[in-house]
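You will see two complexes here that share chain A, one where it goes with chain B and one where it goes with chain C.
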Partner chain A sequence: MARMKFLCDAERCIECNGCVTACKQENDVPWGVNRRRVVTVNDGVVGAEKSISVACMHCSDAPCMAVCPVDCFYRTEDGVVLHDKDLCIGCGYCFYACPFGAPQFPQAGAFGLRGKMDKCTFCSGGPEPDGSEAEFKKYGRNRLAEGKLPVCAEMCSTKALLGGDGDVIADIYRQRVTVRGKGSEVWGWATAYGPPPAKPAAGSKS
Partner chain B sequence: MSARLAVTVLAAMCLVALGGCGERPQAETAYKQGKYQGKPDTLPWDDAPPAYGSAKWTQGDKRSWEDQIKTRNLSQNEYVRIGH
Partner chain C sequence: MLLTRKSASAAAAQPRLSSGLSATLAHTIDRRAFLKRSGVTLGAGAVAAQLPFNMIGKAEAADAPAESGKVEVKRTVCTHCSVGCAIDAVVQNGVWIRQEPVFDSPLNLGAHCAKGASVREHGITHDSHRLRYPVKLEDGKWKRISWDQAYDEISQKLLAIRKDSGPDALFVVGSSKHNNEQSQLLCKWVRLWGTNNCDHQARICHSTTVAGVAQTWGYGAMTNSYNDEQNSKCLLFLGSNAAEAHPVSMLHTLHAKENGAKVIVADPRFTRTAAKADKYVRFRSGTDVALLFGILHVIFKNGWEDKEYIHQRVYGMDQVKKEVMEKWSPEQASAVTGTSVEDIEFVAKTLAENRPGFIIWAMGQTQHNAANGIVRASNILMLALGNVGRSGGGCNIYRGHDNVQGATDIGPNPDTLPGYYPVFVPGSWAHWARVWNIDLKWLQDRFAPGMIGKPGMTVSRWIDGVLEKNDAIDQGPNLRAVVYWGHAPNSQTRGLEMLKAMEKLDLMVVIDPYPSASAAMFAKVRKDGAYLLPAATQFETEGSVTASNRSLQWREKVIDPLFESRTDHMIMYQLAQKLGFADQLLGKKDGKQNIRLVKGKSGMDEPSIEDILRNDVNRGCWTIGYTGQSPERLQAHMRNMHVFDVKTLRARGGKDAKTGYDLAGDYYGLPWPCYGKAEIKHPGTPNLYDTAKNVMDGGHTFRALFGVEKDGVNLLAEDGVYSKGSDITTGYPQFDHVLLKKLGWWDELTDDEKKEAEGKLWTNDLSGGIQRVAMKHGCSPFGNAKARAVVWNFPDGIPQHREPLYSPRPDMVAKYPANDDVKVLWRLPTLFKSLQEKVVADKVAEKYPLILTSGRLVEYEGGGEETRSNPWLAELMQDNFVEINPKTAADRGVREGEYVWVSTPTGAKLRVKARVTEGVGPDTVFVPFHFSGWWEGQDMLPYYPEGAHPIVRGEAVNTATTYGYDRVTMMQESKTTLCQVAKA
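Here is the complex of A and B:
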């Protein structure tokens, strides 16, 4: 199996934030933490506005793993970058190292004390036994152990966000680009979804 | 003779240069004694599929779990799922 990856199609993302909401709900993400965010550039500029859903990209050579002073990160056989909250000291080095701002830190006390790092787990939990209450409390739901893929990608209404085996989602995206017949320089409904269906012939009932 | 030697040396140099194009694993992902790089975790295919839902694989069989994930993965392609 190839590595698990996310891919967001900027032509399709409509900034609905459904992925953000689904992630928070599915994983019971702590208050003040967003494991996934939708970033929009050129907001309001007709023809130039693009949105993209961003979370941990589960890097092949993850900088968070490289800088962690307590070596709390690990990578699974499927290429998912996970961490052990029992080892994490909440220092924040991973936040500085991550180019996507994926590591998040919940408030742990009444005086704004920084808690242990929280990030996207590709819906695959953590070191605790799969599907256990302890795992859910610390890391959220383990959907991979249920034969499912991350909820953000699976529930995306426009299928802008794809998640799973990198080879498979690359093939899906490649097919889209082939259907569109052009690159990312153009935009609009027809670009994202293909030409509209042919209108019925005059006189025929709809 | 010298031409033959030159060709041999050139071929050897090409092989050495080509060796630089190889890809080394950037991080250790080996699963040893229930641990990834010293951190305990469970392999997803070692779990039994949930009693509810449509997920099906043979417990402990990585290949069948991958097939289940691939089926799930392909359902994200609406050209296949609902046509175009």
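Here is the complex of A and C:
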């Protein structure tokens, strides 16, 4: 059984926001709710600027799921973390727990009351029947049920954002790293692997 | 241990993916399909066959009542930039409900940027910010009127102006967003009215490129394709921020990089593109020639130039070398550009060691007062390295709008008829009158006496056509009426003066899906005199569109024109009916008719798009090979994208299931030139001037456009240089009936061809016989010549560095002044040196010490009205801003996110937010140009028609930009001017 994952290759991400608008239009996400967004760090700093697209990472051991007081989260057999908006109370505790800022809270009502939590569904809807109108209204499209992958990854301008079975994505990424001789080498890289190796001698093909 | 709850709702417990798959697609998502969708082909460099996907998904399933009804998939192309990304639009009951990526497209492989991923918004009617019905300005209010009333009033006013002042009192600003057929029709429309006063976005986008590059080697277009970068070893971006302006092109760029190509970005700003480069080189805005020649100096000094290539294929390099060696040592180049000598040497060495390579540019090179020289300096650099005319190397010139290439080729240009036939050559008119099937004498009589051969005014200067003293302009009347037909006003410089021009106009007509900033600007200064007509978008019609790589793609109509909008070609026809030249527009004469009428919206007649392509464009545009791209061939390509190779763009085989058309050997989209008639099946030309291929395989030579000899020096290619398989192995001139007879090839023409070809050239032989026979012998119809490093017919034969008119460096102005003023240039007096000297004398650079440059953002396009009306895009970029260096900001007490005033020497000031970044140096600030709707701090919302204002409004940088034009093409100098920034 698949375990669905996203991987954003910061060597390729150019902050074009294609993933962001793809998600917006496919899932009819309202203004102010960002299931996915692109972050650029060290903007304008030569040699240090990196962009990366971030959404729910569909954690295998999801903190949101662990802390939710009403247990509205569930995981599909494909490893996608979803939630039931009928159960959700919009408390925002998952927002505390999530290390990526994935949970979103639409503003609703005259006093800006928090609505139900909304987040990336890996384009696989929610608990309602696949492809139903109710599912679309609450959660957006169910592309997985149509045999498609998340639209953000499918439309990524440089194929930086990969989405799908973690095994397959790992293969793709591994191949890329082999061809170009390096990974993204961004956040946490040095913690895990130590400082990056010295650059290969001039003239050698990377 | 997992923290997942044990029991969830029933639906959640199901194996969603597998059940979903088996239910809808059976076995289609196998590993191959999955890899395709995940983008592995580019990552691995392999190109597997594309798997067709079920685009409809569950829309037809019985359990989805909301999505019942007939579902169709229409294949179209994004309308936002020149990459040409294909889109599958899912339409149900005439409503555009979804958009799906087209993984089969060899150009974009399913990829989209923010704009491409959001085009479905064009089909959404609720919360649309489009212009819904015709309106007129009356007593300062936009009032709804009917189409009939609009046509009546507009035509009466136009005819009255024509009667009083002659046809030259009208200026028509056409559009690079029209498809090819509409562009050609508008070009014709304006001539039938009787003037050359028409233009479009290319003027302010790549006019300097088109002129400079064509004058170097024959055609003024991108030499290769985005895809061909995958075959390159070095990519020098100089004046292009592709990551924001052409994001999907980066798919090919980054693939090249990952396979070892060196990527260098030279730019005044550290852009998103620069962030992906191996090396970033900063230089002062407007000093491109100095930088390029500094690099060239190092190449010559080290003997890295390709001497054999230069000897055989380049004219005048010795003269350039002499000048470069004398004037442009790296030290001198460094003094002018601010780039270090080490960086200049590094770039030269990298280019020399990594061939073939590209230089890539866009507006960064073109928008300067001597930009015709900048682009030629780029050509010369590539010629010196022997990079031009081969796969993996050349000048990849990124065009802007989706069809700016096509509109340049065959659209409303002031100096050329379709196919670059110059208006000042009488034969051009004879040729097109014949093709259009109209009476030549009648056509000539439509023009004011003596004006038919004079190139018209340009979109960059129409305001001077209104404001300039009448005795100073080179036409009878001043301009009295302007039609903005799909063009934003805020992309042109000198906004303050544009308002003055609008105040003076008798009539302004805006024909656009969005009312555009023109409406608000006009209503700000006027109580009446303007009409806005809602045009349909390109998703509401069909037609061909030419991508930057010269490939033509066919858009199917996705939906019917929304609201009361009508297609542009319908409007052209209906207006022509009112103005009295409808028959000529359709080419109706002697019992023949070029363009049939077909039923369009609400059963109304409109000209057939296919007929325009087949009977006007294909029959007339011999010069640039727009003759082989029949609608049938283009449509077959769109249906069979999967057979085209991503690296070569060539079809390895395949037959179109619908028509049986054999695709084998065709290059995707039949990139022009695609010579001869469609029947001879020229495959198109993927890379210009490539002698390694046979002409019938898309091979080429440099064009013999400039004679055979100059001052005793041979201009034709030296012996031994010819395209593969050529029967002539020396240089040769362009083909005509005489050459064909001399060669003994005349009798290879059929009898019918002979009848037509007698006395003709390859450019006006409507039988196509001359081209056919030349190519049968492996020869380029346009000859085999040398490229010109010296364009002797330009004011600067050898490119010169010339300081911006508003230069921050008076010391450099003394050394590198602008050209002399010109009394008449494109019908208008034009200032260069006198203004530059005045700027120095007035010490403008002391009061306005910062360089102001402008450019694109990924979220918006062009003037931005359309994209700022799209909520998915508008949300991403809600304020206009100025990028300012931390030091510059700190010195002015400005902090990130605060409002500042950006003021310029015109007296205008812009209220924008400060974005503090090291991306710009301390001497430069950057403001994107896509915004409009604020005017010097004031929101112009009240001046828009109700409900048709963009969601995001902001200060237009061009409200404040200054005077300055290219000496050859009248390109505006919008990349370099001066400003000051102060806390608001």
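We adopt the following convention: the second predicted complex is superposed on the first by the 180 of 206 C-alpha atoms of A that agree within 3 Å, B and C clash if a C-alpha of one lies under 4 Å from a C-alpha of the other, contacts with A are read in each partner's own complex, and residues count from 1 in each chain.
Throughout what follows, contacts are C-beta pairs under 8 Å (C-beta built on N, C-alpha and C of every residue); 3 or more make two chains touch, one makes a residue touch a chain.
Quantities reported herein were computed from a predicted structural model and do not represent experimental measurements.
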item: Per-residue contact with chain A, leading partner among chain C and chain B; value: C
item: Which of chain B and chain C A:92 touches, first, second, both or neither; value: neither
item: Which of chain B and chain C A:20 touches, first, second, both or neither; value: second
item: First, second, both or neither for A:31, with chain B first and chain C second; value: second
item: Which of chain B and chain C A:65 touches, first, second, both or neither; value: both
item: Common ground on chain A, meaning residues reached by chain C in one complex and by chain B in the other; value: 1, 60-62, 65, 71, 74-78, 82, 84, 124, 126-127, 129-131, 142, 144-149, 153-154, 159, 162-165, 168-169, 172, 175-176, 179
item: Chain B residues touching chain A - in the complex, by the definition given at the top; value: 26-29, 31, 36-44, 47, 49-50, 53, 55-57, 65-66, 68-70, 72-74, 76-79, 84
item: Chain A residues touching chain B - in the complex, by the definition given at the top; value: 1, 60-62, 65, 71-72, 74-79, 82, 84, 87, 124, 126-127, 129-131, 142, 144-149, 153-154, 159, 162-165, 168-169, 172, 175-176, 179, 194
item: Chain A residues within the chain C interface of the complex; value: 1-2, 4, 11-12, 14-22, 24-26, 31-32, 43-46, 49-51, 60-62, 65-66, 71, 73-78, 80, 82, 84, 124, 126-133, 136, 141-149, 151, 153-159, 162-165, 168-169, 171-173, 175-176, 179-180, 205-206
item: Residues of chain C defined as touching chain A within the complex; value: 2-5, 8-9, 11-12, 14-21, 23-25, 28-29, 31, 34-35, 37-40, 42-45, 53-54, 57-58, 61, 63-67, 98-99, 101, 109-118, 120-121, 243-244, 247-248, 250-251, 254, 257-260, 270, 272-276, 280, 858-859, 871-873, 875-876, 883, 917-920
